[in-house]
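Data first, discussion second: the structure below is written as structure tokens.
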Amino acid sequence: MPLLDTLQANLLSPIPLAFALGVLARLMKSEFALPKDLYASLSIYLLLALGLKGGYELSHASVASIAWPAAATLALGVLTPLTTYGAMRWLGRFSTSDAAGMAAHYGSVSAVTFIAAQQFTQRVGAPAEGFMPTLLTLLESPGIHIALAIGALNRGPTRQHGDAPHSTGSTWAVLHEVFTGRTMVLLVGGLFVGYLMGESGWKAVSPFFDSGFKGALMLFLLEMGIVAGSRLGDLRTVGPFLLGLGVLLPIVHGAIGATLATWAGLSVGGATVLATMAASASYIAAPPAVRLTLPDANPTYSLTASLAITFPFNILFGIPLYYRIAQAVATAQV
Amino acid sequence: MPLLDTLQANLLSPIPLAFALGVLARLMKSEFALPKDLYASLSIYLLLALGLKGGYELSHASVASIAWPAAATLALGVLTPLTTYGAMRWLGRFSTSDAAGMAAHYGSVSAVTFIAAQQFTQRVGAPAEGFMPTLLTLLESPGIHIALAIGALNRGPTRQHGDAPHSTGSTWAVLHEVFTGRTMVLLVGGLFVGYLMGESGWKAVSPFFDSGFKGALMLFLLEMGIVAGSRLGDLRTVGPFLLGLGVLLPIVHGAIGATLATWAGLSVGGATVLATMAASASYIAAPPAVRLTLPDANPTYSLTASLAITFPFNILFGIPLYYRIAQAVATAQV
Amino acid sequence: MPLLDTLQANLLSPIPLAFALGVLARLMKSEFALPKDLYASLSIYLLLALGLKGGYELSHASVASIAWPAAATLALGVLTPLTTYGAMRWLGRFSTSDAAGMAAHYGSVSAVTFIAAQQFTQRVGAPAEGFMPTLLTLLESPGIHIALAIGALNRGPTRQHGDAPHSTGSTWAVLHEVFTGRTMVLLVGGLFVGYLMGESGWKAVSPFFDSGFKGALMLFLLEMGIVAGSRLGDLRTVGPFLLGLGVLLPIVHGAIGATLATWAGLSVGGATVLATMAASASYIAAPPAVRLTLPDANPTYSLTASLAITFPFNILFGIPLYYRIAQAVATAQV
Amino acid sequence: MHTHPMKLVTIIAEPVLEPRLAHDLKQLGATGFSVVDGRGAGSRGLHATTIPGDNVRLETIVSIAVADRIVDHLAQHYFTDYAVVAYTSDIAVVRGAKYDTAP
Amino acid sequence: MHTHPMKLVTIIAEPVLEPRLAHDLKQLGATGFSVVDGRGAGSRGLHATTIPGDNVRLETIVSIAVADRIVDHLAQHYFTDYAVVAYTSDIAVVRGAKYDTAP
Amino acid sequence: MHTHPMKLVTIIAEPVLEPRLAHDLKQLGATGFSVVDGRGAGSRGLHATTIPGDNVRLETIVSIAVADRIVDHLAQHYFTDYAVVAYTSDIAVVRGAKYDTAP
């Protein structure tokens, strides 16, 4: 199937369509949005389902098969914040805080983009390895930690609230929050529970966590479209450089990701998903962490780039692209 | 099956029972109610599911088969606000604002009543045409527009906030809100998405949007019962005329609807559903639109009539009645 | 299967694992919690599902088969608040209000613990009778009424707000609230609706209310773990006596419950579930009722004991234990 | 526009008390009240709700006399046993008559 | 620290009015506003929302002149037909300039 | 009943700051605080949250001295970089001692 057909097939599948509907509703100035608690509930459901199923499938995987992919994931977790920081600082001439803030977003990962990639590989008949959710948990925090460390070093001690009485503001407290945030509890926790409860447990709960998954995802993407759509106005604020970077960074990170993943022995489907992880940008775990530790970083930059540029790009065009890259790398390797 | 049996079978089915439970809970002064966000979530789910399935089935329908039913629907959209206005103004001697406000409610449609009719026709083995949700979107707004136009004309320019600084209060702004409200985004949007994603898309999401539909509907009806039940006290406020009108209008509109629908070539099931649409009164889209454009219309009148009289009447007795009328008209026509 | 194996199999099943994950998240100081409305929605779903299915199955049960189990349930509803009051007052030397408050909690029942027991008996192949939810509704309120009556008698008229203008504070108003609270509306209402709608109704809604049940329960238990986990700090406040009582009372009540249940003719599964009901403590209906009628009872005592001691004990260890007791009693009886 | 000085009484209380307080306010002469859900932390830290810290915040616009009566009533019937915080502040309203109870 | 006296205008209104009121406030010179969802009961008891009693509470920090203008505007355009309650109170802010509109 | 004059400090802030502000308030001598979730719009329009405009509103009853300290602290540590609005108002409480920190 040529790239254009893959693209078209992707665009006409539930996830991109629901996302597009959300964006369109905002463009038409509709006030419609999911209730906040429904949005949160859907994300909890999706993350826990992902973790449980991943954990259940982990019980069938050998440690050997995961070792290299895990190493590749960690390498991406170190690399992507650095390339992002470099591009922001030296190409874009942004402040160290803005560069570090952006690096935290692009060094981490978007779980929904991951899921979209997983669904895509299933649809094209090249399902990813069952242990991919485990890799997802590995990529969640290193990028944030590295980026915040860079930011802290560069800002120096002067701006630290040294005399202020807040321990909750300390970098350690913030990193602890990343580690114990919603995504980590549900994903890592879900992996353990899924692993421990085994087949009988998974069978009991899969009518809830598995059958409904794709529909719930669609509803979630509708709201993602609304959220992204309401940031489109900020595109003018952030300027052409960030607009370009929001598309270029995922392509570069996706290509590197696909290559490393293939070298690490992942299937084409698995490589597509790992590439998508590298290409995606966090908009859940990174923003509060950056806001608290790098107060002078402008959150409009990083959130708009992650949510309104990179996320739609990946959902609509990126994933099929990374799939073709993964195919090409796999063919070249043989 | 004689009318009484149809009635009884209807009363003992999940939707009326759940509704009755809600009313009963209120009558017993229970404080129980669904959390607001759950109520909103269920309505989002039901509307999107309706749209998606309708859109998917639309891909099998020919334009020719929809043309006449669509024309009948639009005719009902013009007729029902006029009859309502006339009845309120000349029989009930209400103010122009109160009459126009009521016309907006009865000229529009209740999606849940529509769904109940759809379920009913399935249960009695006369399922309605797959394109009915498309007709639903056609009936949502014309009645509101016509009613508000009548109201605006009759109130004259004196009461307009001509000098006030609110553009958001303008009739155009309000009509835009009706067009881009929750119901329209989810129904019209769902129709498009359902149409575009086709069979493979629908299959992927139907375990979520189709299997759970009837149960979610039941939960929703429970809350509808509570909401309607808490308005029963207002029945005394609105007086016997509105009480009578809340039952008579749906019967008249339902009979006209069933006739037009049958002439337009709909099956008995389809005619039942279109009749129910005509007979139903909006309590989602119409109330805020009326409140903002006709401030001196008493909202207690229209909301109590729609929610506490017409809605229960349709759910419990109206739908089986319209079905019998549709059968009769179909037989007469042959 | 020896007790230890039953215990281990229980601990590795979805409910205890999800609960443990919630507790663990709190111990790691995670801020994660389910949105309030999701928590409420899940509990509504679980209660209504329980009621509907119970009502549907009630239509197959004979009155004779329920009579004795119902009598046993009511006996437990009278006995358990008395033993609790006695233990608190004379062993623990607590004030009459604290003793009565505790008695209200342990004299009533925890629906989630009931469900966990039901699931457990299914898993071990000894499913409980279909009419058990009916018994659950019988045990919900008598214990609260008895306990509050004891409290009111012992406090005497002096502390009554005799001259205060609140009728809402009267004991009658509070008892009315227990009777018309969420649990009663959904359970009793669900039983009636389930009974009336019969097989065709249940078939229509069971994909929603039955298939998803176990998964939704798991999500609910995750939050229960978080809630219980955030009370662990209060364990130090309540002291060793309440800690011991929170484990001893359920064992004693569970043993009595298993015995009475077996005498009343219930199967081993049914006896396990009734024993669990007796052993469980309310943390939904009882707390507000106690708070309003016994203001000087320290709510930290009863809520911590119910939520952070007895609930986990029952979920993790109690239910398998009551099952073994029920087996033993059944064997002894033969 | 001419405005009238009134008192705003704010009560922060355990959620379970909302209906009772609403009832009391009416009895004591308030013509209405507004409620918002919130959370908080204080010195007592009574964990009387399943989710510790949840509270409701009632506000009522009343005359000085009614404000006094409300504060007295709260002090007498609630402060000892319940997690209730209350304070009054000065506000100005249009249409002062709306907030006066019939004598 | 030096603080500046300002007015806080609080408006409790039917939810449907939120966008219109927000728009009006800006037009009348407020530099911003905060909103909280709530519920309540009053003397009129207009059941204008599906769930009776729901309301929103808008607050805006403004100068005395703007506060007067807002109260006048509300009295003229809303008090007759809508369930709207409004009051003003005295507050002190740091950085008073933040709340002054360009002349 | 005898009441005591106190200060109410109201802080409207980005949600992410809630735990830090709560911590600061205690350190600065507040005995408690209440929080309500809300939304709003201002002049800066920093879109620092996924859903633009969401905020939290913290209120604390404190003595005049503590109120001053809190306002100073906010001005120094938050006003530059964060979307934070704060103001103080005069209130009267029963049991003034409840809101005084041990020296």
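Think of it as A, B, C, D, E and F in the order they're written, each chain with its own count starting at 1.
As a working rule, a residue touches a chain if its C-beta (ideal position, glycine included) is under 8 Å from a C-beta of that chain, and two chains touch if they have at least 3 such contacts.
Note that the structure is a prediction, hence the values are computed from the model and not measured.
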Chain C and chain A - chains in contact with each: B
Most remote chain, CA-based centroid, reference being chain F: B
Most widely separated chain from chain E, with each centre as the mean of CA atoms: C
Chain pair showing more contacts of the two, A-F and B-C: B-C
Distance between chain centroids, defined by C-alpha means - chain A, chain E (Å): 41
Centroid spacing, where centroids are CA-atom means, of chain C and chain E in whole angstrom: 47
Inter-chain centre distance, chain D versus chain F - centres from mean C-alpha coordinates, in Å: 20
Rounded Å distance between chain C and chain D, as computed from the means of their C-alpha atoms: 35
Junction residues of chain B - those touching two or more other chains: 31, 35-37, 41, 211-212
Sites on chain D at which at least two other chains make contact: 19, 36-37, 89-90
Chains touching one another, given as label pairs in label order: A-B, A-C, A-F, B-C, B-E, C-D, D-E, D-F, E-F
Touching residues on chain E, where the partner in the complex is chain F: 1, 3, 6, 8, 22, 31-37, 61, 89-95, 98
Partner chain B, residues of chain C touching it in the complex: 35-37, 40-41, 44-45, 48, 176-177, 180-182, 184-186, 189, 192-193, 196-198, 200-201, 204-209, 211-212
Chain F to chain A touching residues, read off their complex: 14, 16-17, 19-20, 23-24, 27-28, 46-52, 73, 77, 80-82
Chain B residues within the chain C interface of the complex: 12-14, 17-18, 21, 24-25, 28-32, 34-38, 41, 123, 211-216, 218-219, 222
Residues of chain D that touch chain F when the two form their complex: 10, 12, 36-43, 55, 57, 68, 71-72, 74-75, 79, 85-90
